[in-house]
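In the two complexes that follow, chain A is the common piece, with chain B as its partner first and chain C second.
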Partner chain A sequence: MKKYRWQILAVLLVTFGVMLLASGCGGGGSADTVKVGVILPLTGDQAMFGTMEKNSFEMAYEELKAAGKTKVGDKEIQLLFEDDQGKQDVAKSATEKLVNQNKVAMLSGGYSSACSNVIAGSAQNMNMPFLVVTGSSDDITKSGWQYVFRGTAAPASKYTVSFWNMVDEGVVKLNNVALIVENTDFGKSSADGFRDDCAKRGINIVFDQSYEHGAIDFKPMLANMKSTNPDMIFAVSYVMDAAMIVKQMKELDFSTELFVGGGAGYTMPEFKDNSGDASEYIASTTLWVPNVAVPGAGEYFENYKNKYGKEPDYHGAQAYATMYVIADALSRANDFTSTEIQKALKETDVMTVMGPIKFEDWEGYTNQNKPNTYVVQWQKGELEVIWPEDVKSTDYVYPVPKWNER
Partner chain B sequence: MELFGQTVICGILLGGMYSLIAIGMTLIMGVMKIINLAHGALVMVGMYVTYLCFTYLGIDPYIGMFIAMPVLFFIGCLIQKYMINRLVEVESILPENQVLLTVGIMLVLTEGIRVFFKSDYRSVITTYSSNTVFVGDMSINVAMLIGFFFAMLFTSLLHLFLTKTDLGKSIRATSQDRDAAVYMGVNSSKITMITFGIGSALAAAGGSLLLPLFYLFPDIGHLFTAKAFIITILGGMGSTMGAAIGGMILGIAESLGATYISMGYKDVVGLVIFILVLLFLPGGFRSLVKR
Partner chain C sequence: MTKRNLLMTIAFILVAVLIPVFIKAPYQMHILILVIIWAIIGTSWNLLGGYAGQVSFGHAAFFGVGAYAAGLLTFHYGISPWWGMLLGPVAAAVVSLPIGVICFRLRGPYFALAMLALGEIFRIVFLNIEAVTNGAKGILIMPEITSKMIYYYIALGALGLTLAVTYLIVNSKIGYYLVSIREDQDAATSLGIPTTLYKNLALIPSAFFTGLAGAFYTNYVAFIDPNIVFNLTNVSVMVILVVMLGGVATTWGPTVGAGIYILLGEVFRTTLGSANVLIFGVLVCVIILFVPNGIVGELSMLKQLVSRRKASVSGGI
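Moving on to the complex of A and B:
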């Protein structure tokens, strides 16, 4: 009897396998679609960001479809999502699967810098146009890769442009600063840029350390940092590390005149929710804010919130804007070969919720849009723009009151 | 000096909670002779139960823990009875391959939770979450102190249970020699079921104790599996006291590494110790006591 059971199981397994295969091939549409492969972390610990970006892609797609803009020539744009799990090896195989099996016309996506870098490298090798959504480490567009485009994301070392403007205008005065970054590609790129900018202005870096993300206890590092007495902390962290760091700073009664986050975690609604009142007065650099004076930005924010019940941050806006860039480029391409799509992308000049997008070569970067950056600060639980002066939503608070004076 | 004190105290407190998670794993490993790679996922499920109690019923996580523990005990028993025991009974499946089943269970639990809760980060913010007591200039988190206290309490209770009660003795007998235990009239499939249940309940307790301090998302289990695995090897497989000591050592080593080397090398410190123990003390700390 036992033997039979195994045979039944084997038959079931084979059937299941065939079904899987069939569904895998079934996705491949007919000849009248032009496929765009989007690689994002949909599972794993970056899945929250990946899901937000996927939702935004789909939202933009539906809007474009309603406006009849997903039909390019006689073909319909089709999005194919692949999961990279936030892992480089998976990102690589996802890229190859999309290109070789699904025969996509172009690629997009890329959340973490490490994964974006892998996708960009393989895309360039296969002459496949790749439009980066979020991956920000400098070398992605500094390797001279002609098929790699980055529109909605700034190079990591340029996130701080507005912040340094604030320093140069004499608003923020710095002598000793502390620098903590997570040890990822994005963290390293940001730290390198920050060190250069400090060196140019003669600012001392009194504490400089990287950390592994996902720690429960940041106190050893923070206690060490406290003993160096910095005026300001610049930190690059993912969202939950960011919340842990500011919470534990409060526990240690460690105050500085200013705390600036380098994008990524510090602008997320989850950061505020999880760190409670410790998030108050924390500033961050960012690439986008919903109340920025760009047409469509506010509507995107509201529509997303209504549809998915959560507030998006700049990551979602990046994906949303990228979908518009893709539709625009494909509508201008003469045919859907990679050279023509590459050419169409290169000629892009389009207005999106992230501001104007143009792919230019400058300061050693290739196909890199010139970024707009902002400095934001959490005030009374709201994320307010405090710099540049002409788009600010409220005044900055600096120096920040000490924990025991609030 | 204060920095050193701060570092060591944080290390010990955190280590205590690591121990509790690892004890669950070592117990299962001792009796079943398989590595339970789903252990971290069980911690995660336990944390979600406590989280649910907190958000929807307003139950404090330290009380929610006593709801999460029986729930996980039950889930653990079911997994053992209907999944793992079935595989153990088939002689042709080697123990190495039984481990694969635990990987499958881990994936199912993780993705199952993702279906309900998405990948969002969640945390429990209690009124005392960021309360601290100051000893000199050293700041000690209250939630960490409570967590450590509970972890030690459960460890001692488990030790008493294993050494003093009949059921505990049967568990130890099964772990020492399964066949001999069966000849002595121990119902081994019942014992393994209960052991897996207790292991899962301890995992839930460890997770719930960390909840006020930490955060929660479906993939968080990997972190705990890795830590518990290192501690189990440090302490010697199947040894509760070994796991308790191993947990503290890992906690202190990580803390010291974070303070005096760099936070970026925190995990490296733990793994270096892991390799050194495997090379020079293959039986873990337990083998030191036995000599």
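Moving on to the complex of A and C:
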């Protein structure tokens, strides 16, 4: 080993040298393509979501290609994926590379709020159209940035629109609610929106606490909450925490009339797997479900499952729908300068698996699609849509039976 | 400084100043700016960890305080975050004082452990005092300057200042005291060196310049949240890797280390797809195995190697 170590080192150095040169020559490219840069977390702890979105982008691209829709004018759309590792300075590097080195016509992607914020800021600075896929921080479309668009993702404080509709229709009656959220941008923004909505309707918040993402023991918090005797719990958590919370509620025999999750963890198939029968009757807000009455939604779900062997959730649908929005906007753009693409995006009015997408200015938001939200509930191990009334797949169960009466 | 070293330094400064004249592409400029940010943090860490031998696992605390000093000025008072370049370093130095005063009186791993805790404490505190810091939602600023060249020269100026101050400290009486403390604290004490005082004299500038890098980071990247700037692995541990790679207790080591670390990381990310982090980790292991004293630290060995090669070739003929 010792004898060869310098040879090994030399080989390594030469390899890296070649790679360095290769990456430096990444620019240019042929004149008959119009490039779209997509920045997603493909490694790191958000890779599970990033990979699902990348797969969905590619699936949508292949379908569009088969239909001849990737040819816009005399040019072919080309997707360039970049990994942001879930880190925001890497996201900035990726943005700089795509815009200045690869000369993309527009940007898309953005999973975490932090990375989406950085990409959006840089894109606006360089007048580069950026279509957000998932990043949900309210600020992204509240900064008045003309080049930043958000179609398939709702601002975090608007995930609950459908649920409040359920309350306003008198279906759910609330006096005292408890609120627990994870201490992240998404959790905090959701909580802010929820508090405002409660205040408007005169609903008391009897318990309001955030917890560190990745906590294990929720029992002290749940025991405190139980003593405040809430009618309903609203919780925002990722998968592992979500399963832990409902399991420990069952162990404490702590029942409420309703438990509503704020998207993220509570709709994932892993949530059901990890929490077992404790997931029964847990409701959640969501942006998309496969059995919703929108054309193409079910087909997307089935095709994805067949192709990649896993079930997609709303994150995948966001990416899939975004690809269709991009193809539509580029097909309407007069040329591929950033101002023309910006104009085309602004005029978008297209039907996708996420419902209709339009970029409008409302309530202080700029270029923000008015989101379609749904309320879902786990019933007999299946995620069923219970609200809005016209797209429901089954009836709601409310108030839910107590743990010891099931 | 020998004549040769002086020439090398002048050449390096000339190259660094002239780079933007030749490289105008914003992407390459961006990478260079990141290199400079890490070079500043590395050089600061090196003063404390390399020369004085006081290993810190929590430089993220100083980095984050500097970053938030700049961010909060804009967030609360609407003052340009560039003023944070003045406030940030001072705030970081103030934060470092009590830690040094308490921990440096003790022997053993207390300073390292206290710093590890400090970084995490700051992260959790900044996450939770939302009224002041906006918590996990972070602080988003809209930068006034868009030209990369301006950022480059500001960062380069900050790095120059950091390197110059570190060089002066290391080559003054303080520097010799620090090395003596690192090598044998008992001997240093018996010679009458007030060890606690001198360790603090290394910590304060180290925190100061790390805070400077943090404040610049806010200005440049334009978004910060506590999980990013107080991150244990992505800031505190990364700076140690940068210094180890370049060469501990060498003037140019951290700068060289930052250059290699950032450039290779970016090359891997853009060429290797999903395996990039894994391969990067393997590479770091390989470098630590082959050049344990860092690139700059092993320069003489590398030179020897080259000359030996030549000798053996000529001998073989």
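The definition used in the following text is that the second predicted complex is superposed on the first by the 386 of 406 C-alpha atoms of A that agree within 3 Å, B and C clash if a C-alpha of one lies under 4 Å from a C-alpha of the other, contacts with A are read in each partner's own complex, and residues count from 1 in each chain.
Convention: a contact is a pair of C-beta atoms (placed from the backbone, for glycine too) under 8 Å apart; a residue touches a chain by one contact, two chains touch by 3 or more.
All figures in this text were calculated on a predicted structure; none of them were measured in a lab.
The superposition on chain A brings chain B into a clash with chain C. By the touch criterion stated above, A:N224 is placed in contact with chain B alone, chain C being left untouched.
In the superposition on chain A, A:G121 makes contact with chain C only, while chain B stays out of contact range. Of the two partner chains placed by the overlay, chain B and chain C both lie in contact with A:N183. Once the two complexes are overlaid on the shared chain, A:K87 sits against chain C while remaining clear of chain B. In the superposition on chain A, A:D168 makes contact with neither chain B nor chain C. Using the contact criterion defined above for the overlaid structures, shared-chain residue A:G44 touches chain B and also reaches chain C. In the superposed model, A:E62 makes contact with neither chain B nor chain C.
Of the two partner chains, chain B and chain C are each touched by A:E212. Comparing 24-32, 222-230 or 276-284 from chain B against chain C in the aligned model shows that the clashing stretch is 276-284.
Overlap of the chain B and chain C interfaces on chain A comprises residues 43-44, 47, 183, 210, 212. By the touch criterion given at the top, residues 2-3, 6-7, 10, 14, 111, 114, 118-121, 123, 125, 129-130, 132, 139, 141, 210, 213-215, 217-220, 223, 255-256, 258-259, 262-267 of chain B touch chain A in their complex. Chain A makes touch with chain B in their complex at residues 43-45, 47-48, 50-51, 180, 183, 209-212, 214-221, 223-224, 227, 239-240, 243-244, 247, 250-253, 270, 273-274, 276, 278, 310.
Listed in rising order, the residues of chain C touching chain A in the complex are 25-27, 30-31, 34, 124, 127-128, 130, 135-138, 140, 142-143, 146, 221-223, 225, 227-228, 234, 263-264, 266-271, 273-274, 276-277, 283, 286, 290, 305. For chain A in complex with chain C, the residues that touch the partner chain are 5-6, 9, 12, 16, 19-20, 22-23, 26, 42-44, 47, 82-83, 85, 87-90, 92-94, 96-97, 99-101, 113-114, 117-118, 121-122, 125-126, 137, 139, 143, 183-185, 187-189, 210, 212.
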